[in-house]
C-alpha cells in the first residue's frame, strides 16, 4: 500500500488512503471495479497503520453509475472474495461494519448500487452543483439489491423511501431527505473533507471511535439477513422476462454509455412503450 | 367498478381509480364512510386491472375530519368486514400492506383517524394553502387509536411525536416533520398527482413495485399487534367518564358540525373548564 | 415540595415544578447535582399533585456542562439511590419513562451527559442565540455513556449520529438534525414554555397522556439493556491509559472551569499533541 489498481488510483497521506475511482467510460460497478474495491478494502483493513478511506471520482459526471446489469454473476463472484458470499449487499455491509472510517466525496451521479455504496460509507460529502442521487431500478422491474432499501427506509421513513425509489426520483446536491453529512460548493470540497479525514486519523483515539461505531451500528445497521434477502430478490427480479426485455431495449438506447446515461430518468421513463 | 357509493364518487382512468370523499356535512369517519371505504378497497384489490387508488375530497374544508365518537362500535363493525377485526387501525394497516398504490391528495383538515388514514397511504400530496393536520385526541383523554402513534413516532422521533400529539399541535400545508411526499399550491395539485398516479399505473412493472413495498414495510410498518394494542387502548380511554364528559360538553358546542369544528383546537382547549 | 436543594432552586406553580440549575462554577454533573436531581425526581414522582417538571439554568453560559470526569464513581453512586443501578444512563432513562412531563428550557452549553439529560426529557426548547449542543467524549477516547448514542442514532440516522459524535460537532440554537421541539429568541422563551407546561398540567386528562407516553416509548425508547451497555462501555473507556492521559492534560488547560470550557472544542482538538 499504496498499490495502484486498474480502476482505482490510490494515494496515502498518513493514516488516510485516498482512492480515486477511474473506471472508464462511466465508473460502472462491473467485474474490474468490484474486484479492485475488494482488494483495496482487504489491504486497508490488514494494514494497522491505515485508519481512513476516502473515495473520490476521476469522472466529473459519474461518481459510481450503477452495476453492469449484463454481468451480474461476474461482479458478484468478485464480491465473494472478501465476504464468502456472492452479494454486493453483503460486501457493502462489511464496509459499514469495518473498523475503517469511510468517506465518500461525491461529484456527479450516484445511481443504483453506486448510491448504495455511498449509503454504506460512514460519511457522505457532496458537491452541491453536481451530485445527483437516484435509484432507477424500478424502471426495469428491479429493486435496490445492495442495501439501499435498508438504509433509505431508516433515513427517510416508509412513505418517502418507497415514493422516491418507486419513482426513481432524483435528489440533487444538498440531498434533502438523504441527510448527507455535508454538501458544499465544489471548490470548497477538498478543504472540507481533508480535515475530517485527518481528525479521524490522528486527533482522536481509535479505540473510542471503534466502540462508538459498534454501538451506532447495533442500533441502525440492518441485520445481514435483511441485506441478503434484498440481494436475493434483486437476482430474482433480474431473471424476470419483462426486466430482461427492458434491459435489452435500454441497451439499444445508450444504456451503460457515458453519453446515453446523462439523462437516464427520461430513458427509463420511456421503456414501457418498448 | 366504477360503482358509486353513498359517500364516495368513483371515477376510473386506466388502472387508476379516483375516489372523491363526499360524506356531508364534514367527511366524518362514521358507519357509512367506513362501510364504503371497505367496499372500495375490496373491489379494487379484487380487480386485477386496478393498480392505483387516489383519494380526494369533495369538501374544501375537510379531507377527513375524524371518527364519529358517538358511533365507535358501529364503524368498527364495518371495518371488520374487510379484515375480520373490528378496528380502524387494522383496516388502515391492511391498506398500507395492500398491493395497490394509495395516494392521498389532501385539501382541508385531516384530524384524528383522518390523519391516520393518510399516514397509512403510500403517498401524501398536500395543498399548501389549505391542508391542516392534527391529532386532537388528548383533549378528550383519548389516544390516536388507528395507527397514528406507530407512524408518527417513526416519522418524527420520540420527543416530537409525543409533543405534537400531546398538545394536539397543528401542522399546516408543507407539514414539516410530517415528511409529506410533496406539498404544492392548490392549482398545481392535479397537475402533480396525475402523472405520479399514471406512472405507478403503467410505466413501471408491478412485480418490482410489489417487491419494493414488501421490503420497505418489513422495516418500517409496525407489527399488527402494535396497531391492535393502540386500537384497544383507544376503546378503553373512550369508556373513561372524564372522556365521556368532555365529549358531551363538546357536542353542545358544535363538535361534529361543519362550522363548529373550523376552530376545533380552541374548542378542545376549553373543555377542562366544563 | 418545594424544598430548595444545594444546586437546584425550586419553585412550584400549580402542578408545575420549575427547577433552576445553580451548581457553580459551571453546572457540572457531579456528586451534588446528581444527588439533588435524584431527590427532586423522587419527590416530584411521589407527589400526586405534581405533573410537570421544567428545568432551567441559573448560568447563562452553561445549561449542564458535562459530568465531573474525576468523580465518576461518586456521582454514579448518587444515581443508584433512585434506580438501584450506579448509572446516569439508567437514571436518565427512568426520567424518560416517568409519568411526569419533563421540559428542558435550554440556554447556554449542553455537552456530554448534559446533552444526554435534555435528550431524555420529553420536550426541549432552546434559546436560539445561546444554546450549543455537543458530545465531546471522543476527544478523550470516551463514548457518550448516558443514553446519547441511543437517542441521537434514532433522531439523526446512522451516518449523521456517528459523524456528529465522532467529530464532537457542535450544533447551535435551532439544533438542526437534533429535532428540538422549538427554538426561539431568548426573550420569547418564557412566553413559550409556560403555556406548554400549564397545558400539560391542567388542560388535558393525565390518564390519556400517560397512555400516549407509554405507547411512544414502547416504539422509540431503547431497552434498558442498551443504556446499560453504553454505560458500562463508558466506564471501560474511562479506564484506558490514553483517556486518563488526555484528561490530565485537559485539566492543566482549564478543563472543568467556567472560562476554560468556553472554547472546549478547540481545547479537545489539541489534546493529541500532548
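Structure notes:
Should a chain be cited, it is by its letter among A, B and C, assigned in written order, with residues numbered from 1 in that chain.
Methods note: a residue touches a chain if its C-beta (ideal position, glycine included) is under 8 Å from a C-beta of that chain, and two chains touch if they have at least 3 such contacts.
In this text the structure is predicted, and so the values were computed from the model without any measurement.
Mostly differing positions are employed by chain B and chain C in their mutual contact, as under half of the interface residue numbers are shared between these two copies. When chain A is laid over chain C using CA atoms, the rotation angle comes to 120 degrees (nearest 5).
The distance from the centre of chain B to the centre of chain C, with each centre set as the mean of the Cα atoms, comes to 37 Å. Among the residues of chain C, those in touch with two or more other chains are 154. Within the complex formed with chain C, the chain A residues making contact are 101, 119, 121-124, 151, 154-155, 179, 181, 196, 199-200, 202-205, 207-209, 211-213, 215-221. Those residues of chain B that touch chain C in the shared complex are 137-143, 149-150, 153-154, 156-163, 165-167, 177, 222, 226, 229-230, 233, 237, 240, 242-243, 246, 269, 272.
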